[in-house]
Structures are given as C-alpha cells and as structure tokens.
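Both of the next two complexes hold chain A, though its partner changes from chain B to chain C.
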Partner chain A sequence: MVVFIIRRTLMMIPVLLGATILCFALVDLSNDPVQDRVFEIEQSTGEPVPQSTIDALESSWYYDRSVPERYWIWLTGLGDTNGDIGLLQGKWGPSIEGSAMDISYEVSTRFWITLRLVLFATLASIGIAILAGVVSAVKQYSRTDYTLTFVGFLFLAMPVFWLGSLFKEGAVQINKVLGSTVFQTYGSGTTGFRGNGWEVFVDSLPFLIVPTLVLMLGGYAAISRYQRASMLEVMNSDYVRLARAKGVRNGTVMRRHALRTALIPVATFAPLALSGAMGGAMVTERIFGWRGLGVYSLDAINAGDTFAVMAYVLISGVVVLVGVLISDILYGVLDPRIRYE
Partner chain B sequence: MSNISVSTSNGDSRAVGAKGDTVLSVKDLAVSFPTDDGLVHAVRGVSYELRRGQSLGIVGESGSGKSVTSMAIMGLLPKTAQITGSAKLEGDELLGLGDAELSRIRGKKISMIFQDPLTSLNPVYTVGFQLGEAIRTHYGDLSKQEVRTRCIDLLDSVGIPNPQQRVDAYPHELSGGMRQRVVIAIAMANNPDVIIADEPTTALDVTVQAQVLEALEKAREEVNAALILITHDLGVIAGHTDEVLVMYAGRPVEHGSVDEIFYEPRMPYTLGLIGSLPRMDESRDQRLTPIHGTPPSMLNLPVGCPFRPRCPMHQDICAEVEPGLLPINGSGHVAACHFSDQLEGKAPDEVFAPVATDLSVEAEVEAVEAEAAALHEEEDK
Partner chain C sequence: MSNTAAPRLDAEAMATKERGQWEMVARRFFRHRAAVVSLVIFLVIVLFAYVGPFLWKWDYKIHSEIPSWASPSLDHPFGTDKAGRDMLGAMMQATKQSLNVALVVAIGSTVIGALYGAVAGFYRGWVDSVLMRFLDIMFVIPFLVITGALAGAIDTSVRWYHMAIILAVFGWTSIARAVRAEVLSLREKEFIEAARSAGGSDWHIITKHLIPNTMSVIIVSVTLQIAFAILSETTLSFLGLGIQSPDTSLGLLIEAAGASAFNEHWYLFYIPGVMIILIALTINFIGDGLRDAMDPRQTMVRR
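The block that comes next holds the complex of A and B.
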C-alpha cells in the first residue's frame, strides 16, 4: 500500500506538468499585460509611453522572451532572472499588480480559507448524499424517496451563482426576522481575528454555514443519485438475500451487506466532488465576499496576471489529484478484490 | 447425472416416507404479485407435508412457481407480494411473521441454498466471516475462537480442502463449486430442520454438480434435516429425492414417490417431461418427444386446465373444469388430470408425437444439400 501511494504520488508530477503547460499556454496567449499597462499609462498621462518604460515592464514580467522560454523560467527559475521566479525554488513569479502583491503570501493565506470552505462542503455533501441515497433506496417509491429525488434534481439543475444569491437573500431575511445575525453573509471571519485553531473555527462558523450549504447542495445531488442506484442494485443481489436467509436482521443486512458493498462505487466517485467544489468556490466566494483563492484567481484571470493564475492552477490541480488519490486508496480499502502490487 | 432410471436399491437404502414427524406442512399456499397489468398469480395453491429425514423434489419449468413457493415460506419475497394459505414449521405458523420472529427461525430451523453460487456470497467479506455470521446471529454468546473452529469443521465437512486456510479466503479466490459448498455449509451451520435447495447445481458444470450434490446429501444426513430440492433437472430428482412434486402454472399437477412419478406418471405433463429426456437404457435411434408450446401467462389464466393448450389428450371438459389433485391408487400418488386412468402404462411417444422422424430429417438435409450443390454449379458457370 505504501509503495502504491508513493508510486501514485510520483505519477502526479507528469500530470501536473501537463496541466501547467496547457494552462500556461492558454493564459499567456489569451492576454498581453504589457500592452494593457502601456495603454493604461497612455490614458492617464495622455502622452506616448517611452520605449524604456515598455522595456522595463517587459523585463520585470519576463515578457522579453518567448512563451516556451517564459514557461521554462517560471518552472525552474534557471537562467537570467530577477530572483523572483522559479517554482522549483519556491518562487511563484512577479504579479503584475506590483511588488505590494506578493503571490506567495496571497496564495498561502487564501488557500486555507478556500480549503476550509471546499473541505467542509465536500465532506458534508458526501455524508448527506450517502444518507439520502440509502434512505431513498430502502424506501424506494415512497413519499420520502420522491421528495429526496425532487430535491436532488432541483439542486442539480440550479446554477451555483443563482443558488448562492438565493441563499444569501434568504439568510439576510432570516436575520431580519430574528433580529440578530445568526448567519453572516459577508466575509469569511471577523477581520483581523487571531487565536488558536478552535477559536478561529468558532469565530468563522456563522460565516461558514450559508456558503458551505450552497456549495454542498451542488455536489450533493449527483452523489446521492449515484448512491441510490448502487444501493438498489446491491439490495436485489443474491448475497443480500442469503444474508437474510441466514437469519440476520433486516437492519443489520442493510448496513453490513448492502451499504458496505454499495459504498464501493460511490467512494471512488465522491472524492472527485473536490474538483467540483473547487470550481464552485470561485462563485461562492465572490457572492459571499470571501477573500479566498477562488476570488483571487478570478481577479487574476481578469487582469491577465499570468503567474497568479498559474499559482491557482497548480494548487487546485494538487487538490484534485489528492482527491483522486484518496478515491483510489478508498477503493482498495473497501474492495478486497482490488489489490495494489 | 441425467440417467433417470431409478434403481430400487437406491430407494431401499434411504428411508422413504414416514421416518419421523412432520416438520413442515404447507397448505393452500398462494402468492400473487400486483403489476401494472394486474395481479400475477405466481402460486395458486400448493400443499405438501415434509417429514424429518425426507427429501422432496419440486420440478417444473421456469415460472411454474417452484422458487416463489419456497421464498414465501422463508419470508424472502418483496413486501408487495400477497401471500395466503399457511406454512407451519413444527406446528408454528411462518406466514405473516415479522422480521424479528422470522430472523430467529431463518438460518436456524430452516435454511436455504440459492441457485447462483457466484453471486450468493458477499464479495467484500471472507468466507469465514459469512459462515461465522450464520452461527453468531443465532448463538451470540460463542467466542470468536469457537465460531472459527466450527467454521473450519463445517468447511471440512462439505469437502473443502485446507479449510484452515480457506476460511480466510475471499469468495473471488474460490471456484464456483467451492463457493456453492460454502453456501451449503452456511445452510447446515445451525443444524436446521429443513434445508431448501433452490436449483443448487444449475450454474455448475456436470462434474462439479455431482460433488456439490454429494456435499448436500452429506449435509442432510449429518444434521438429519428434511430437504426440499427445487430443480428442473429430472436426473438430479431421480437420484436424490424420495418424493416428487411436479408443478405447472403455479400449481402442483402430480405428487408421488420417485418411482411412481418416473414409472407411472398419470399427468400428461409429467409424461411429457420424461419423454423429453434422453435415456441411457434405450436405443439411440429413438427420438425424444417434446411438449409443444409454452406455459400460459400467469396474468390471465383461462378457465379450465392450464395445460390444455399443450396437451395432446385434451377434450371438451378440459376447457371448462380445472381438475383437482385426484388420488390414483390410495398410496398417496395424486395427479391433476381428468383422464389420468387413460395414461396407465402409456409411453411418452404414444401420447406425444415426435416433431420429426429420422426419415423426414434426412429428406430435409438432402434437399438443402442439393440446393447448395445447384448454387455452386451456377456460380461455376
């Protein structure tokens, strides 16, 4: 198992490299920050920009070389640099917002904010989806089943931005009725709050509830349908019938034989919800005014801030690959027929 | 295996009939399933009595209600099934019991073996766990070591080599025959009074079939249980049962001892079944006599005998009155046919016409060959 995990982790490297090459090409070719900046300066001063300024901009952002060269220098930091670039040396590259905007600092602080949201939402959606799927399957064609099915498809059909706005408005109205702020709908925590992990968590809880709910419901629907189908299949299987014929009580059969086996396909599928939640976080963070990674990447994309976008791509790529790794490991743990040599 | 001749010594060596008290008595059992098209009457009144140590074979084609009858007794049918009648195990009614009461009986007093050994075991648990589960469910106070020892004994008694190692194997590490033996071991784990084997050998190849049946026979003798063997393999029935119940369209149509059923069938359907089997003791030239047609739909059964459309002997009364099980000679042999006395001493080919004679087949083959030759000639030109 350890060997398997190590091998899978090593295999993540070429996947990540491929992803960065594709993204780099896409981001880099789709905008030209130097031209944008020159245009801005021209607009504000009303005079043509001297060639020396353009050269300075180009060299500080490494735009004085070709795209492959720029990618190479972004990755390795080898060659003629200003000492602020090179992923392998732990440097993320210069942001076009200037030296005040340090990508490394932004990314590292915002990552935990986003991870908090994404992780809670994913775990909650998997948990609730499994529960709802099992209840739906056991009580097939009952009113409960139909209700859960309807709710599932409702949230599956609703885009995150619409769901987010709706929930935010709902939370505001509830707050008004109750006359207190049960739900915080703007920001991710009390600004400047410092303390140990637990205190931070308690402080951020009212901020966390509504956005997590929004992100959760988006991922919940698909997984719960999946769980329902796989549970139904297993419930009709011969070994569930044999377990009942052995005299095992119905509830125990459902838990020990049906659910345990029905979890296998879901466990391999559910961790991929992480990637869905990473995407959803972009929108959710914007709506609820979180200063997370999603919003940062959105701004970076709008500004054409290549190196900032690349930082986001790399981090979300790692998160997704970790999700895939977890699903592979779960598969091996849950299903004895799978062996990792 | 498919040798249907019943040797009398076989019958003598095993105690036939009243060896012990009645363990299972089924009376007027009927099962219907509501569907979008209406009620499907899967079982329409089955009655039989099973005594300790006795072995009852239930035969019939697919959809004749063999399995549904047994599943109804075990309480394994879906909730939508409408079950009437009575099934008493040692005098206690089984039908209508709740999950808690049924769970105490299932696996302990009455156990069941299912058709497909490849899917009967849960792929994620070891053989030992699933076998042990059957014991632990009913004897919760046994220690882990005791359960394990008993599991190994059970696996050994059904003929699994190296039971000490196999007990920790997962089902996918065993062959089909091995898995079916594990299922048999599960069925005999708590020394049940009744073992129901629902086509235990259908999914296995012939050599493995023999071994599995042997294991089943051994299991039955070891725990002195009554056996219900559901199958459509008449060869298996001949070799392993004392009494036979022939089912057609959800009802028993003939019931008697093995010898009576095989040598003096008094229902055209039974006769047809026997006529459609190859026999080792007759010359190869004889053609088999098939029963034409298909079983009727259980959704809208016409009045009268359900076998009438396929029966070569049918007369007007058959379309009007469905015959009950009428006694033949007072020995307990019963058959549901208006004209059962006419079947006395008849061979299958006297009642059922063979589809084709050897001559007509030969003529057909020659015609096809001639045609092919003509085509060739044309192409050559």
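The block that comes next holds the complex of A and C.
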C-alpha cells in the first residue's frame, strides 16, 4: 500500500510538469504584462516611458528572456535570478502587483480558505448524491424516483453563478425577515478575526453555509445519476437475489451486499467532483466576496500575471491528483478483489 | 430474434415491415415523452434566437427612446434595463450568441475528440500511451482558468467565435475517452479485419468503419457538449472573461442584473437564468432520449 502510494505520487510528477509547461506557454504567450504596464504609465504621465524603466520592469519580472528560459527559471530558480523565483526552492516568483504582493504569502493564506470550501462542498455533494441515487434506485419508477431525477436534471442544467447569486440574495432576504444575521453572505470570516486554527474555523462556519450549499447542489446531480444506475445493476444481480433467498433482512441486503458494490463506480467520479468544485469555487468566491484562491486566480488572469496564474494551476493540479489517488485507494477498500502491493 | 421470444410478438413481427437502424432509433426516440417535449422546446428557443430578431421591433442595443427600468409590459414584454435596452431584443441576441458558441463547440470538440479517441484506440501501444498521458495532462489543467486566461488575453473585444474556438480546443477530452473505449472493443471485430484484408488504409478504417460505428456515443456526446458549452460560456461571460459589451450573452445579462433577484427588477435576473436552464435542461433530456433510443441492448418491447 505504501509502495503503491509512493509510486502513484511519483507518477504525478510528469503529469504536473506537462500541465505546467502547457499552461505556462499558453498564458505567457498570450499576455505581455510589461507592455501593459508601459501603456499604463504612458496613460497616467502622458509621456513616453524611458527605455531604462522598461528594462528594469523586464528584468524584475524575468521578461528579458525567452519563454522556455522563463519556464526553466520559474521551475528551478537556477541561474541568474533576483532570488525571488524557483518553485523547487519554494519561491513562487515575482508578482506584477509589485514587491508588496508576495505570491507565496497570498497563496498559503488563501489556500486554506478555498480548500475548506471545496472539501466541504465535495463531501456534501458526494453524500447527497449517494443518498439520492440509492433512494431513486430502490424506489425505481416511483413518483419519488421521477421527482429526484427531475430535480437532478434541473440542478445539472443550472449554472453555478446563477444559483449562487440567487441563494446569496435569498439569504439576505431571510436575514432581513428574521432581523438577524443567520447567514453571512459576504466574506469568508469575520474581518480582522484572530485566533488559533479551531477558533478561525468556528468563526468561518456561518460564512460557509450558503456557498457550500451552492457548490453542493451544483455538483451532486451527475454523480447521483451514476449512483442510481450502478445501484440498479447491483440490485438485479444474482448474489443479491441469493442473499434475499437465504432470508437476509432487506436492510442488511441493501447495506452490506448492494450498496458496498454499488459505491465502486461512484468512487471514479469523486475526483471529477473535486475538480468541478475547484472550478465552481472561482465563481462562488467571486459572488460571496471570499478572498480565496479562485478569486486570486481571476485577478491574476485579468492582470496577465503569469506567475500567479501558474501558482493556481499547480495547486489545483495537486489537489485534483490527490483526489484521484484517494479515489484509487477507495477502490481497494470497496472492492476486495483489488490489491495494491 | 424476437420471433422466438414470445408468441405474442410473432404476429406483430410478421405484420410490421422491416425497419432500418435510424428509423428504429427515431421511433424509439419519439416514444420518449420528455425527450420529445424537450426537442420541441429547444426548437422554439432556436427559432426565438435566430428568427426572433427579424420579427421584433427592438434590437439589443441601447436606444434613447426606450425608458429605463420599465417593468414588463406589452411594449417591452421582458422589461428594460437601466441603460434603456429592450430586454426581449437583448434576450434574442444573447440567446443567439450563446447558442452559436454552443453549437460550434459541440461540433468542433466532437470532431477533435472523436478522431483523437479513435486514433488512440485503434493504434494501441505507445501511440495510445502518449495520447492518454496527454489527456491526463488536460484533465489536471483547470478548465475555467486556462480558457479564461486565453479569452482574457484577446486584446480586441471578445466575439462569440473566439469563445467557441477556445472552448472547443479545451473541451473535447470527455468525448475522446468515450470514443476510445468504444473503439478498443470495435477494433477486434471481424469487419475491421475484413476491411484491412481488403486493403483499407488505417485512415480509411478509422474514418469509414470505426467512427461511424461509434455514432451513438458521439451523438449523445454532442448533445451533452452543447449543455456543457452553454454553461461554460455563460460562466466565463459572467466572470468578465467572455463575450463583452456592446455585444451580449446570457451570462453578461445576469452579471448586469446583479443583486436584483428579489427587488422590483427581478425580471432582469430570472429571464436570462431561466433561458440558460431551459437550454441545458432540454438538451440533457434530448441526450437522454437519444441514449435510450440508440442503446442496442434495449429490447424492442416497451414495458
């Protein structure tokens, strides 16, 4: 098992390298922050920018070299640097927002905010998907089944940003009616709140409810369809019929024989749910005014800040790959025929 | 096959004439009530978007004679926004742009994905390994970030075809996987061997034998791609990384409506939202109906 995990972790490296190379090339080639900044300065001062300023900008952002060279220096930090770049040395590179903006500080504080939202939402959507799928399958072709199926299709068709805006305004209305703030609809925690990890977490709970609900409803429907299909298949299989025939109680058959097997295909979709929630987090963070990674990446995209975009690409890539690894391990837990050595 | 299955079917089988495959698919599809209703609604939406602008007196642009923030009335059935824009005209244009993107993405990504998946499944070996590793890489790249970054980098105002190309270039991976899985089993069949022994080239076998036989997977994928493209395009436009003003899109209209879901301008928020949901919902039902209709394992007997 340990060997398996180590081997799989090592296999992530080429995938991450490939993904970062592709992203770096695309983002870098399509943006030119130096030119944008020069244009900005020209607009504000009304005078042509001296060549020395351009050179200084280029050398501080490493734009005085080619794209492959820039990628290499971003990855390794080897060579002629200002000491602020090199992923392997734990440095994320300079931010074009100036030296006051430290990418590694931003990323590390925002990461937990986003991870909290994404993990809660993914777990909640998988949980509700299993529940809805199993109920649908057990009561196949009943009114409950049709209702659940239709509701699932409805949420599948609903854009997260619309649902998010709707729920946010709805929560504001509920707060107004009740005359208190049951739901916090702006920000990810009380402004300026300080405390240890647990206190921060407790403080963030009222802020977490509505965004988690939005992401959960946005992500559960696809999985619940697969859960229903696999549950139906298992319930019609011979060994479930055998278990029934030898007189096992219905609840036990469902729980021990049917559900456990029916969960296996759903484990495949857990990483998909995770990457969907990462994407959805960008939207919900924007709507609910969170200072998380998703909003950070949006700002970086708008500014054409390649190093900051790459930080997001890398982190979201690692999160998704860890999700894949966990789902592979879950396979082994759910399916006794699979052995990892 | 059905002749021996049940005597009850015997008479029926003899009385009915032989049907072609597509005829059978169409018959099964039209028995799927939700799918047929969805198809009708979807066609109405298409007419609304492409024919509507020729029939309605206002376009999507701002006109000085249109009052601002008028509630829905006979003159402006969907109301007007703050700047003085007829929302019915804006909705027609927005729906048209979103549908344009969706249809081009569906076709473009399906062509890329089907060829990619068929090549990977047909050659197996190292070609397959390389192509599948590249798919893994595409899976890891955050879709909204990369498409948003490319759309955001376009210097001129972003048009619908920019969005369509960007979304198609990054949205084909699921089709490639589905087609590859089909092709992996198809390539072992006798008719492929026959085509090869008759001297068919690889390209001929892939395009003339393998891809046509995965048509059922591909057609279902096309419908799901339409829903996926609509949701992606509107999301990017909502985030300010898609189609930009003065042109309009369903996502842009919702973004402009802002926090008006529960105030007197509710119609600005709900009408474009309901339109997105209607398109994606009907497309999903149509895809579901097509999947049922084209599933060869399904028996001809309806219970």
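Heads up, the rule we're going with is that the second predicted complex is superposed on the first by the 339 of 341 C-alpha atoms of A that agree within 3 Å, B and C clash if a C-alpha of one lies under 4 Å from a C-alpha of the other, contacts with A are read in each partner's own complex, and residues count from 1 in each chain.
The definition used in the following text is that a residue touches a chain if its C-beta (ideal position, glycine included) is under 8 Å from a C-beta of that chain, and two chains touch if they have at least 3 such contacts.
Here the structure is a predicted model, which means the values were calculated and not measured.
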Go through the superposed model and pick first if A:337 touches only chain B, second if only chain C, both, or neither. first
Pick one for A:246: touches chain B only (first), chain C only (second), both, or neither. first
Identify which of chain B and chain C touches the larger number of residues of chain A. C
Classify the contacts of A:158 with the two partner chains as first (chain B alone), second (chain C alone), both, or neither. second
Looking at A:174 after the superposition, I want to know if it touches chain B, chain C, both of them or none. Which is it: first, second, both, neither? neither
What does chain C use to touch chain A in their complex? 133-134, 136-137, 139-146, 148-150, 152-153, 227, 231, 234-235, 238-241, 251, 254, 258-259, 261-262, 269, 273, 276-281, 284-285
Would you mind writing out the residues of chain A in touch with chain C in their complex? 14-16, 18-19, 22-23, 26-27, 30-31, 153-154, 156-162, 165-166, 168-170, 172-173, 275, 278-279, 282-283, 286, 297-298, 301-302, 304, 309, 312-313, 316-317, 320-321
Within their complex, chain B touches chain A through residues 74, 76, 99-100, 103-108, 111-112, 114-116, 119-124, 126, 130, 133-134, 137-138, 170, 172, 183, 186
Interface residues, chain A side, partner chain B - complex: 237-250, 257, 260-261, 264, 334-337
